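Next, two complexes with chain A in common: one pairs it with chain B, the other with chain C.
Let's turn to the complex of A and B:
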C-alpha cells in the first residue's frame, strides 16, 4: 500500500450530472488504485458508471457533468484540482483512451494519417514528416502492414476491427503510462475481439502501460486483468485480484455475474440471469443498493448502506452479509481502513 | 405595352404581325425556343435593345450584391453559431438566439428604409442608393460605400436564419463520439472545434445555404428597388410594369439557370466536404 508505487489512486470519487433540475450522482464513493504496468478490469452491468469513472479521470464529462467530491491522483498529482491546460497536456500523452464504438470514434471527414499525425505532433516536437513516418510505424505495430496507403484513407472505408486497431495505434503513439480502454471489443465480432485482445496483450508487454479495461464481459477480464473492480449502480461492490474473484466471489452481485457466464463444460445447467433491473441513479434504494435484487437481503441491508470493507488482504466487499459472516478481520487491515476513513 | 390611343388601327395590326403577336401562344413559344438555341432572346418591347444585352448588364450588379450579402451573412452566422453552440445555455447563447430571431423576423423593406433614413439621410454616412456616385470617380471605395447598406440589410437576414442552423448542426456534432476522441487526444479546444467539429457541422449547412441563393435573388427585387440598385431585381419590376414580355421571359430563364446551377454546385460541394460521398 505504498503510495509511491501507485500510478493512479482514486479516492472516494463522486461524479454528478446536472439534469436540468438537480444534480444526480452517477458514481459515488468510488475508490481504487492502479500500479504502474498493472491491468485492472472494471466490470458491471450497463449504466453502472464504468464510463463515467473513466471520463472522470480524463475530466471529459461534458458541460453538465462535474466531479463533486473525491480525488484522482495520477503520479501523485490531484487531477481534480489541475487546470484545464495541465490536463490537456496529460490527455493523450500520459493517459490515453480507446472507446467502445470504433465505427464512430474516428472523425469521418479527416484522413487516418491526419488524425494520427495531429496527436503525435500535439505532444512531441516531431516535424510533420517525422510524425508521418512515426505514425506509419505505429500502424505497422498494430498489425496494419499497408500503413502507407492507410494514411490517406478516410475511416468509412475501413472495417470495425481495422478502425479499432487504428484507435489503439493512436492511443499508444505517445507512449502513455495509463491506457483506458472503454469496452474496446464489445462492438466487434468474436474473432476480431480475440485478435484485438491479443494485440493489446502484446503491446502491453512492450510498452509497460497500465491498463484500465472496462468491460461487461467477464471472459475478457479473466483473459487480461490482474485485478478486478466490480461496480453496481455507481458504486464499487467488490474488488479483488482476478484469481480470488473467480475462485471465491463474495458479493451476491458478483456471484450472480459469475453464474450468468455461459460455460462450455456446464452440462445442461441453465444460464442464470440476475433477476430484476438496475435501480435508476435518480431513485437509489435506501440501504444496500443491491438489496432489491438480492436473495440474501436482510433487514439491515434495507436500512443501512454497507461500506467497502476488506475481507482479507486486498479483497474488499460492500455487503453486510459477507462482512458479518467473515472471520474477524486481521487487525492490521482493519486498522488501515479506519485510518483511511472508509 | 402601353399604346397611344391615337395610333391608327392598321399600324397597330402591322406592328403586332411584325412582332409575331398574332401567332398562337404555343407557336410563339416554339419560336422563342428556336431563337434560344441560337443564343437569341429577342428584343425588348420598350427599348428595342437585345434582351441578352439588357440582362447581361444587370446580372453583374445583382450577383455582386447577392454574393457579398451571402458572404457577409455567413461571416456572421458561422462564428456566432459555433460560439452559441459551444456556450450553449449561457447568456451569450440566449442573446444571440434572440438577436437571430429579430434578424429573421424584421421585414427587409422596413430595415432598409430605416437604415436609409438613419445612416444616409440623418447622418449622411452612406449614399441613399445607386451603385456609384453619378459623375463621381466610380472607384472601388465609392462602390463599396454604396454597397454597405443593401449588403447589410440582405446579409443580416441571412445571418439571422443561418445562425440557428449552424448552432443546431454544431450541437449535434458536439455530441459525437469522434469529438470525445479528439478531446481525449489532448488537442486544443480551438483545434477541436475548427478542425474536427466545424467541417462535420458544415455538411448539412451546405444545402441550407444553397437553398438560400434563389431566395436571395427574390429578396433582391425588393432591396434593389429600395436602394436603386441597377440589377436584375429592379429590371424585373420595370419589365413587369411595362409588360416587356421578352425581357420577362429572359429573366425567367436566368432564374431557372441560377436555381439549376446552385443545385449542381450543392452536389459538388457535398462531395468536396464529405469524403463519404462520391459521384461516379
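Let's turn to the complex of A and C:
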C-alpha cells in the first residue's frame, strides 16, 4: 500500500434511490481517492452520478437514497458506518460544500451575518463577538471589502457572484480539510466565473484544503484540477492526471466529449458529436454502458461489462477496446510517452 | 458565404425599454433600458452571433426583432418591409418568414400536445397547406431534424433536452423561413448534445439557405456557428465584426476580457496571464454615464467617464475611445 495515506478513499461505492417501486442504482462501483491538498475534477454530463457521489460523501441523500455497498474512508474513518450525529459534527467542519445555485443554499430570511456567525459558532468555541469579527475577516478574504455592511443584509440584495463568494467564505470558515464544490461557477457569467476561479485558486494555496470539483465544463477542469475522473451513466470510465487526460484521452466517451467542445482558438471543423443520448438508470444497457453510443463497440462490449483498469501508471480506463490494445504490449511507445510527460 | 447588397434585416436605433412601476397608481418612475440604441444589419445567408453576459439585453433584442416585445423607439426592417409597428394580424404573415427558437425547449412546447400536433399547428394556423397534406409535412419535418417518425405520438416530457430542442427547431422551419432568431438554443444542453444541435443548425442553414441571429453567452458555440459576431454590454453593441478578425484581434477591452475569461479546455494554457475584471455589471435601469464599461474597464481614462463612444460604420466597428491595437 501507499505509505502516503489518502485523505479520502472511496471504495466500490453504490448508492441507490427508491423510486416508489424498486431501488435503482444512481452510481455503481465508484472508487477513487484524494490526497491532502489535491484537487480532483469530476466531469460528466447531467445524470452521470457526479453529484450523487458528492452527496453520498456528505450523506445528504434524502429519505429515498441510501448507500447500499462500498466504503467512504475519510481520514481513516469509514463514513458509511458513522452515525448521523457524528456526521453532523463533520459536515461544515471537516468537509464543507458549495453548490451551484448560491441563492437556494442561503437562507433568504436571515442576514448574511447571522448565517455566518451561526455556522462558525456551531463548530468552534468562539464567543458571539469573536465569531462576528472572524466572519468579517472571512468576508474580506473572499474579496468582499465592505464586510461590515454585508453582515446586516439579506441574500436577495446581492448578485450571484457575491452570493457565491459568501458561500465560499462560509465553507472555508471552519478550515475544512476537504471542500466539495458542486458546479460552483455554472450559474455565473464568464467574467464572474473567472473571478471565482481565481479566488478558489488563491484560497486553495492559503488553506491547503483538498478540493473535489464537480463540473460538466472541461474548461474549468483544465484550469483547476490536478487529477480528473470522468463519469458516464453512474460509473467512472476514465481517471488520469489532468495533463495526460487532455493530451491522451483514451475512453471513447472522453474522446467524444473533448471533440464536441467548440474551440475558441484555432480553426472550426465540424463538431464530432456523440450520437444518441445517455441511457436511463432504470434500463442500463448490458455490457459496457457506453456501447450504445460508441463507434468502436464490438461483440464483447455488448455482452460483458469492462472494469476500470490501469493502462499505464495512474491512468485508468473502463473500456475493452483500450484494455485489449494495451495488454499485449504493456510498455508501448504510448506508455513511455505518458511516463515522461507526467 | 453569400452577402447580398441589401440586408435581410436592418435595425435602426432600436430601443427596448421596460417600465418600472411604483406606487398605488403604478406610475412609471423609470425604465430598464434593456436595448438602448442598437443599429445593425443581418445579410442573407449569414449567421450573426450575439454574445454578452446575462442582463446585457441580448435576449430582449432577439425578442424585439420577432416583435415579441414592442420596441420603445427605432425601426425594424425585415425583407424590405418595415415591421416596427405591424399589428398582430399582419405579423402573422411576416412570421412565416421570421422565426425564433428558445433556450428552454420544454417551456416552449405545450406539454399536453403530442409532437404530431405541435408540428401540425403552424400549417393549420396559417392555412397555407391543405389539411390532407399536413401529416406528410409533419413527417418531413421530423425527418429533417433527425427524429424518428415513430415518436410522432409522444408528448414533450417523453423526450430528452436535445430531442425537445429538435422539436423546437422543426416547428421553426415549418415554412422554410428566411431568418431564425436562435435565443441560447444550446445553453441548457449537455456538451455532447450541444454539438449535435449545433451541427443540425449548420446543416439546415445549408439546406434551406437560412439566416441566423445566434444569441448565446457560450463563446465557443458562437465562434463555431457565426459568420460575424456582435458583442453586447449593458444594452449597447460595443464591437461588431467578422468572426475570425474579432476573435484574433478584439478591439474593445470588454471583448478582450470576455475572450480571456472563458476557461480553455487545455491544462497547458493554465499559466497564461489574463485580466480578471472586478465587480458586477451595473443595473440597466441606471447605466453609468459616458462609456458604459468604464466602471470595470482596466484602461479607463477621464474622457470615458463623461463621453459616450459611438460605434463606427466600419466592417469591424468598435465603440471605444481607446480601441486596442
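By our rule, the second predicted complex is superposed on the first by the 322 of 342 C-alpha atoms of A that agree within 3 Å, B and C clash if a C-alpha of one lies under 4 Å from a C-alpha of the other, contacts with A are read in each partner's own complex, and residues count from 1 in each chain.
Following the convention adopted for this analysis, contacts are C-beta pairs under 8 Å (C-beta built on N, C-alpha and C of every residue); 3 or more make two chains touch, one makes a residue touch a chain.
As the structure is a computational prediction, the values presented were derived from the model and not from experiment.
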Once both complexes are superposed via chain A, do chain B and chain C end up clashing or fitting? fit
Superposition-derived angle with apex at the Cα centre of chain A and sides reaching chain B and chain C, degrees in steps of 10: 80
Between chain B (first) and chain C (second), which, if any, makes contact with A:127: first, second, both or neither? neither
See if chain A has more residues touched by chain B or by chain C, and give me that chain. C
So, does A:19 touch the first partner chain B, the second partner chain C, both, or neither? neither
Contacts for A:192 in the overlay, against chain B (first) and chain C (second): which applies, first, second, both or neither? second
Once chain A of both complexes is superposed, is A:107 in touch with chain B (first), chain C (second), both, or neither? first
When the two structures are overlaid on chain A, which partner does A:243 contact: first (chain B), second (chain C), both, or neither? second
One more residue to check, A:78. First (chain B), second (chain C), both or neither? neither
With both complexes overlaid on chain A, what's the closest CA-to-CA approach of chain B to chain C, in Å? 8
Shared contact residues on chain A, chain B side and chain C side combined as an intersection? none
Complex interface listing, chain A residues touching chain C: 45-46, 159, 161-162, 189-195, 197-198, 216-223, 225, 242-243, 246, 256-265, 268, 270-275, 277-278
What residues of chain A sit close enough to touch chain B in their complex? 58, 60, 63, 88-93, 96-97, 99, 101, 104-110, 118-119, 122-123, 154, 156, 167, 170
Which bits of chain B are touching chain A when the two form their complex? 88, 176-178, 180-188, 191, 195-196, 199-200, 203, 273-276
Spell out the part of chain C that touches chain A in their complex, as residue ranges. 53-54, 160, 162-163, 190-196, 198-199, 202, 217, 219-221, 223-224, 247, 257-270, 274, 276-278, 280-281
